[in-house]
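Following this line, the structures themselves.
Common to both upcoming complexes is chain A, partnered first by chain B, then by chain C.
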Partner chain A sequence: MVNEAEIRTFLEGAVNYFDVSARQPVAVGVPYLVTTGSPPVHDYTGIIAVSGRRNGAVCFTAPRSMLMVLLMRMNEPDTSDANMRDLVGEVANTISGNARRDFGKDFSISVPNVVEASSGPLPLPRDLRPVVIPLNWRSHSARLIVCLS
Partner chain B sequence: MNALRMLRLMIVDDSNIIRRRIERSQQIDRLEFVGAAANGVEAISLFASTDPDVVTMDLTMPEMDGVECVERLVALKPELRILVVSALADKATAVEAIARGANGFLCKPFTDRQLNDALAELLQDV
Partner chain C sequence: MKSLLARLPAIRGPLMVGLALTIFALAVLLPGFQLAGRLDDTTAALRLVSEQRRQADVIAAALGGLRDRLENFGYVDEPLNEVRNSIAELDALVRTLRTDPSSAGRFTVSASRPILSEKALTTDLEAFESTWEHFRQGLVPVAAFQGVPYADSESAGVKLNEGGRMLSNESRKAIANARKDGVRMTAALGQLAGALEAESARLSAYLRFLMLVALAGTLACGAVLGYFAVSRRRQAVMLADAKRQTEGILQTVKEGLFLLDPQGRIGAAHSASMRKLFKRDPVAGLTLEELLRPIVPEKSLHTALRFVEVLWSERTKENLVKSINPLQEVEVVFETGSGGQETRWLEFDFHRVREDGKVAHLLVSVNDVTARVRLGRELAELRERAQSQVDTLLGVLQVNPEQLRSFLADTDTSMRMINAMLKDPTHDDAGLRRKIESIFRQMHAIKGEASALGLTTVQSRAHDFEEGLKSLREQDVIGGGDFLPLAVRLDDLFSHLESLGELVERLAQQGLDATTADETGNGAVARAAPRVTEQARAANTLIDTLDQLVERVSQDRGKAARLVTHGLDTVPEPYRRAVKDIAVQALRNSLVHGIEPADLRQIGGKPPTGTLTVHFKDEGQTGFRLVIEDDGGGLSLRRIREAAVERGILTREDAARLDSKQLLPLLFRAGFSTQAEADGDAGRGVGMSVVAEIVKDLNGRLGISSGEGRYTRLSVVLPALGTVQSAAVA
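== the complex of A and B ==
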């Protein structure tokens, strides 16, 4: 499971992403451990599988309304579903990739897999407990889900 | 005084948003966008038809990753200038990309200014 310092790595990655890409800060809520069931998700979730020194996944889940505004803040005029899916995967990829600054090169990450809320619970390892980091940006809520051995 | 020659730019990234962002945000007068690819395999194919002088290259991509693609492109055109644009923030990855033939490294997320500064530095002796 991830420790407090490791959670901070992902939290700082999320803060940096919004500072740089959206040019508007994100407010981070209190991280919590999911003890039963699957973590709650929004409309789209980008999943990065992690292997190597650690195993598991890092996910970014967000509502369409937030992704649309985020695309506009990035000066991207195409706010189609395809670009929202692309964005949710790119956010997950960027935060996971940035984490290698602390985790090192053996923290191997996959290309993003994007799922919709309607496709059911996230495909996370059943023997690991996910940590949810709530993110609030403008009037929107999103979550970063870290599920690592 | 000789005018600087135009340089052809190819963008390689599996994210459509990032491909469009780089194309839209780069403001180097000498760069002419000639095409974009979503992975290393597409990049090799596009390279054959567009003969770029400058490439921005993601690392984590399906089919063929960026490190292998850098090596293959440099083998085809040693004078090619490659800027790796990746979220992989560890120093070892940057060092490996440079060792395989890349000329610069820009970490995601990036501002427009950081992108243009990195491209300008990449081209300062071309």
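== the complex of A and C ==
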């Protein structure tokens, strides 16, 4: 079963990224469960595989429009797909770094893997109900998906 | 010295022997040294005396020669010189014997003491001196002669002159004396030589004795030293054996063992398992802080160091300190080579090692208790899970399977609705608060039905969920992230209901459900035979649910109540869920607030068992009427007023002014309750608001009436089918 404190650690990682890198806080939406099927994803998704005390994955998914604005805000003129992928990977990396710092003991957290929406459903354990946390930033919305056993 | 010896017990024996040997050597060798000096002096004196024993004869011969030469007018200087030399030598002998015979000064120890100071020797020396002095007086005029004793003239030829004549006379006297004094002097010298020989023999004997004593002492010391050497050897062997055994223990023992010195450093002798436990080498010389810092969090490290600091304090009692040892289960984390981390748990134990009554070291033992900790945690989880499963099983076994399936299906729908409410995008505070109220009503309905069925595991989870909602509602500002605990609890409830569903199916496969239901005396199963219609079976299920609710809540509240139902078999399928939810909430309210305890009822002239009535009636075009009534104490307008004032809904003046028609609708307001503290059955002010919400969704009407001390009646009118929005009952 998912643990609130653990989810908060991942969430803090994402929130901190927006606070520090984008210099504009993100508004956390009301979390909900995905009871059937795969969680909905945006254009780019950074996936962190988790094993050890918990097994599963934590994903950060964001639309292209949001990533573009985010890059511009970070004074990054290159808004190519590759740069957007890198940005999503960087957010995921911040999230995993935060998790390693807080409870790295029994958790083995992988290097982020970035996939596009066209790649199909996320490779998540089927018997779990992922927790989706909307992250609203300016007029855009990203999601943090936590799917851990 | 005493303290030094006390600190050096191993060398105390040899030191004492060395000290004794030194004292002995001084006691023996110093007298021996003096004796040797005296013996040397005595020997020298004897040699001198022996050399001078013939001086009397020499003098006599010189005097004879002098007489002969004078008679023959020969050269007299030679015999005169011999006399003078003899006088000088004998004078020198006297002087020497009176002072130090070893003129070379070899024996400084006896330099200030004349060798012939011994009484016996002194007598002989004085006898010799006396004899010599007498002898010497006769020789002095001879020896004093100077010049030529002859006179030569042509007339007389060579003759003795005046001096010669005097010399001749003196020499004749001296020769006469020499015959007597020479013999006496030679005898005196012989006597003196004998005394010196005797003295020399005595000193030699004494010296030999001393040498023998020294030899005996040396042998004794040698024996003692030999004994110590053997003892040392034996101790060395024992020490080597003990060291080998200690090393064997330290190499073999699984525990980490080491000593901490007052500077907090780990000693050189420690168990080999330290390297394995702490995954580093060497550990000797490290401080405890240096050992722990890489593997424990800062807080744990700080606690550990503080604790060790306390252990060093003499004022604290060891047993007391050990009882608060914070290092009995320390979580340590090691980096693995592959970038991962390994967590282990170590148990530290400390013992004071005292020397001279003071804490000199701390003996630290370290055990790897990872397996024990993990096993303990697994056992705790298993125990919790097993208890939960037992509770669930007991709950399930008491419920009619049909009721349970119905409950699971309805609850699943409700929870999906709750999830949909969570998912529904809402950004403002008011929207979030509306979301809370909607979710509250859904969850309360789930809790109500779970309570009715006696599914305590579901009820408690729903209760916890409500607690989360309540604390959220009380926050001044609400953010989306505040809903995270609810999502987590919802997931838990989903999981629990899934396991409940699986359990029901397994029980059905085992054929336990019907049997159990029969054994519990629940007649509903008998009524739910395959031949009865679907509607009748649904009605029976509903009646069973309500029966169980009344039975359980009345028992919990210490009240007696019975349920009477009418027309529930006529409830159309679209209204079944709504009727069930309304009845559950209303009956719980009646049992908690309406029905009085049996003794109070009897005082009021009522039967001890209260009656709850649920009446459903199809009224044709008008629709359906559901009436839920109890014969309890009725609604207390006073308590409603008080609750409204306490909850800040009305001012005291407004509350006093309003009549019953204006006050009673407050009962359907969310969050309004006349019960001060919430429990599993009532108190949140949700139940009646759920009823109102359901009726509103179905476009129905709701009314409540009460006779104080007699009854409370809830009337619900649901529209005829066809006018109901299908979405509202979905």
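Just so we're on the same page, the second predicted complex is superposed on the first by the 148 of 149 C-alpha atoms of A that agree within 3 Å, B and C clash if a C-alpha of one lies under 4 Å from a C-alpha of the other, contacts with A are read in each partner's own complex, and residues count from 1 in each chain.
In the analysis below, contacts are C-beta pairs under 8 Å (C-beta built on N, C-alpha and C of every residue); 3 or more make two chains touch, one makes a residue touch a chain.
Everything numeric here is computed off the predicted structure, so don't read it as measured data.
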Simultaneous placement of chain C and chain B on chain A, clash or fit: fit
Which superposed partner A:C147 touches (first chain B, second chain C, both, neither): neither
Which superposed partner A:A49 touches (first chain B, second chain C, both, neither): neither
Chain B versus chain C as contact partner of A:V41, first or second or both or neither: neither
Partner chain in contact with A:A27 - chain B first, chain C second, else both or neither: second
Partner chain(s) touched by A:V114 [first = chain B, second = chain C, both, neither]: neither
Angular separation of chain B and chain C about chain A, which is computed from CA centres of the superposed model and rounded to the nearest 10 °: 60
Touching partner for A:N98 - first (chain B), second (chain C), both, neither: first
Distance of closest approach, chain C and chain B, by C-alpha atoms in Å: 6
Chain B and chain C footprints on chain A, overlapping residues: 104-105
Residue ranges of chain A touching chain B (in the complex, touch as defined): 16-17, 20-21, 71, 74-76, 78, 82-83, 86-87, 89-90, 93-101, 103-105, 107, 109-111
Chain A-touching residues of chain C, taken from the complex the two chains share: 331, 333, 340-341, 343, 416, 419, 422-423, 425-427, 432, 435, 479-481, 483-488, 490-492, 494-495
Parts of chain B lying in touch with chain A, wherever the complex brings them together: 14-18, 20-21, 24, 60-62, 86-90, 92-93, 107-111
Residues of chain A touching chain C in the complex: 1-4, 7-8, 11, 27-33, 35, 104-106, 108, 129, 131-134, 136
